[in-house]
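Consider the two complexes below, in which chain A is the common component and chain B and chain C are the respective partners.
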Partner chain A sequence: MVNLEFNEDQIDALKEFINISIGAATASLANLLDAFGTMHIPKIEVCNSSELAHKIESTIDLKSMYYATKQLFTGKFGGECMFVISEVSAKNLGRHLYNVTTPSRDDINDAVIELTNILTSTIVSRLTQELNTQVQFFVPSSQFIDAYSIVSSEDVADYSKIIIISTILDFKDQKINGNIYILTKDEAIESLRVLIDRKIEEIYG
Partner chain B sequence: MKREFQLKILVVDDSKIGRMSVIKSLDIVKPDADIFQAVNGLEAVEIFKKERPDVVFLDLTMPVMDGYEALKQIMAIDKKAQVIVVSADIQNEAKLRVLAVGAKNMYPKPINDEVILQIFKQDLSV
Partner chain C sequence: MIALKYPDILLDSLENGHMIIDDKFIVSYWNRWLSINTQIPKGEIIGKSLKEFYPGINYKVLYRKIRTALVINTPTFYDTNSSTKFISMNRNKVTTSSLKLMQQQVTISPYILHENKVMVSIYDISELFEAKLLLKKEIAKVIRLNDKLEAEKEIIDKNIMMIKTSLSGVIIDVSTLFCQFFESQKDNLIGKNILIFKSPDIPEATYKELWETIKSKKSWSGELKNKTSNGVEKWVQTRVTPILDEYGELSEFSAVYHDITNEKLLAQLYITDPLTKLYNRAHFDEVINFIVKHQRKADVGFALVIADVDYFKSINDTYGHQVGDEALVSVANSLKNSLRENDLVARWGGEEFVIMLKNVTLDEAKMIMEKVRESVQKIKINDTISVTASFGLTKYIIGEDANKTFKRVDEALYEAKNSGRNRVVIK
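After this line comes the complex of A and B, so read on.
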């Protein structure tokens, strides 16, 4: 049985690589939103997939509705990225992107998918670039759902571990509170650990 | 025998691997330098006051005190301080902000031996 726990140095390295990835994503989103984005330190947590529903419910307002967008990626470090954004933040995003007071549901959905696509693909591709590997992305899909329906047992059935990235995308006239969940399998986590160790070895000597 | 000038360099980053990647390149480019490390802006300002390093490599996104505030305080202590910002934030406006406060230059993470060499040739006078 493989060891899927990360030690202190591996977590430090993972956080740093994700921080670099968030920096690249913030710059891409700043272009999309035409506004300077203030970077915040992302919180990183690795947990079992069975804990995902609980983790999500403990970090969001359970009375609100959400847009949950998912995007599959394959490769040595493969899995699925899920971005959860509240209805309020999504509406702000739609207003800003389409320059309208009341964006339609389709407009909001389109804006959320575009945001997720840039966010997840930049984060995952920058992370894998740091680790000298590559991934292929699939088209993201979005759902407008209540807090309790964000995660179903089918969603996590194929995965064992979740990397949770909690961050605030803080742009000029709007704060988008977003959590990014990277759902992965044991093999992907093990590959990630090996890739991180190789990088640590390169840097620490 | 006359003792050679010992370069003092302060490396500031909350991430250990972030600090080590800069230090690894410094070990190659400036092997005799005296290296100090700080894990946040507040610690950086304290070390700067005490040690007066010739060069500071400063991250921006850090807990306790971020790099923007640390840069302001370091420049207030010594307006000739030579600070190089090394950050994951690759937005042009971030670069303009730190340059306006007095940083010598800003580079995207991660930096390598070639970039460190370029920094010493192009940005610093040490």
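After this line comes the complex of A and C, so read on.
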């Protein structure tokens, strides 16, 4: 039986690693996309897979259309990074990155994918660096969908537990904001727990 | 670690395009796949800027992606679904291709960081993309069909009374029209047993026949009287169909109802005497003529009775027509209540009633009629007026014309009247 519960020390350590990773991602975005943004303090939740859709729907405006970009990463700590950005914000991002007044759907998709890739790579790379492990990233894919279609219940039916690490990215000047979710499940949660324990042991002896 | 001796051979043998460029877009490697698919030989492009060959690429975006790869030391990607091609390449597939140009997945991986060099890899994902397009088309088709189905389902839901139950009769689903008809809400019905609609007026034998038919995986059709949630009785033409699972075993029952309450009411009015609520003469004639015509063994063993209220004219003259009517209703109720369930009693006309006692011998019939006579004798209109009746009784003789039976029973009644009344005379 896989232990999917985290104790207080593990949660505290994970929060600390995520904070460091989020900080690194903010710096990367400023450097690479010339956009100075802030990211909110991340929220870490362990929930049943059936609750995922509801959790995500509760953090976004249900009336908007969204670009939802998903990127997989594999390794000892594997999972999926999802960036959800509203149609309006995505247009602003396309304008900013492509330097055009009216970005095409292709421009917007590419811009969203680029932003997601930087976020995922920086956050997950930094997190896994803290945990002394490596990951491989896959090509992200983006979909333009309504709020209720971001996570389909059939997609997550086979998992038992999911960790949701979520934060909000906000570029005030460019009027761009979006929600980032790092999702990982079952065996990867167990691996994460082991990696965190090892790191705690390494730091505190 | 073993260094690769011939990396060029390795990269040339791959079925993807690989080039190495720096942040000024100068090409320092160009593999065989790219030479073949772009028609630009290695010797022609190496050392030159990609811009010379492909001025259409958005170099601002490419530069940003190269920088990202170099700064965060991770691969960067172009959108694989984009209709804008990184490098436009023809597709040579002849059979059933919806793509003229190759759909590409472009990955920019960090190569030599201090020289600002990256490897740009191009993968042909046309087959996958085509499958995706096809799937999208098919999904759109399914959505259209589903919408149509939903619209039709809504029409059915609002216009057809349908109910679905488990094998034990627990209601699983009902249509909107069903709910309206039975004056209830869907939520209140689901989970309840279908027996809540059962009317005591339908013989148990009917339900038994229904149950046995559907249990043997056959459909049952027939008329049922049901009760709404407010206790209103309604008639429905019913068809119950068993639903079988993938192994051919019973899984559920589905029933479609059609409201026939008005038709039933009209039919009832047509055969009912308005005052006594007994059957009328027309219905009795129809039944007896049917029996005589068909001579079915199960039907012909009946006895015929005509009853006449004694001194009815005197009751009418003394107490008025209203009391006279009350006397007729009381006699009718007394007859109905003291006869057996399957006997047929009708108002023959005026103060006369006709009775068909089914499957009886003459002795049995005499015994039954004596009890009926006694029952009539106990009637007291307004607690004071006594009523009696005289009865003529005869047994139907198999094969005879009904007129002959009526003639005999008339004679018997005549005799009963002339021999003191309040008696049963047999002929």
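In this text, the second predicted complex is superposed on the first by the 192 of 205 C-alpha atoms of A that agree within 3 Å, B and C clash if a C-alpha of one lies under 4 Å from a C-alpha of the other, contacts with A are read in each partner's own complex, and residues count from 1 in each chain.
Just so we're on the same page, contacts are C-beta pairs under 8 Å (C-beta built on N, C-alpha and C of every residue); 3 or more make two chains touch, one makes a residue touch a chain.
Note that the coordinates shown come from a computational prediction; the quantities given were computed from them, not determined experimentally.
Superimposing the complexes on chain A yields a three-chain arrangement in which chain B and chain C fit side by side. Of the two partner chains placed around the shared chain by superposition, chain C is the only one that A:114 touches, whereas chain B remains out of contact.
Touch criterion met: A:203 reaches chain B, while chain C stays clear of it. By the touch criterion stated above, A:194 is placed in contact with neither chain B nor chain C. Once the two complexes are overlaid on the shared chain, A:139 sits against chain C while remaining clear of chain B. Within the superposed three-chain model, A:62 lies out of touch with both chain B and chain C [touch as defined at top].
Legend: residue contacts after superposition of the two complexes on their common chain; A:26 is shown touching chain B, with no touch to chain C. Judged by the touch definition given at the top, the superposed model places A:106 against chain C, while chain B stays out of reach.
Here's the short version: in the overlay, chain B gets within 13 Å of chain C at its closest Cα pair. Taken in their complex, chain A has these residues touching chain B: 9, 12-13, 15-16, 19-24, 26-27, 30, 36-37, 39-41, 130, 199-200, 203-205.
Residue ranges of chain C in contact with chain A, taken from their complex: 58, 60-61, 64-65, 67-68, 71-84, 105, 107.
Taken together, the chain B residues at the contact with chain A in this complex read 14-18, 20-21, 24, 60-63, 87-91, 93-94, 108-110.
Within the complex formed with chain C, the residues of chain A that make contact are 28, 31-33, 97-99, 106, 109-110, 113-114, 117-118, 121-122, 125, 137, 139-142.
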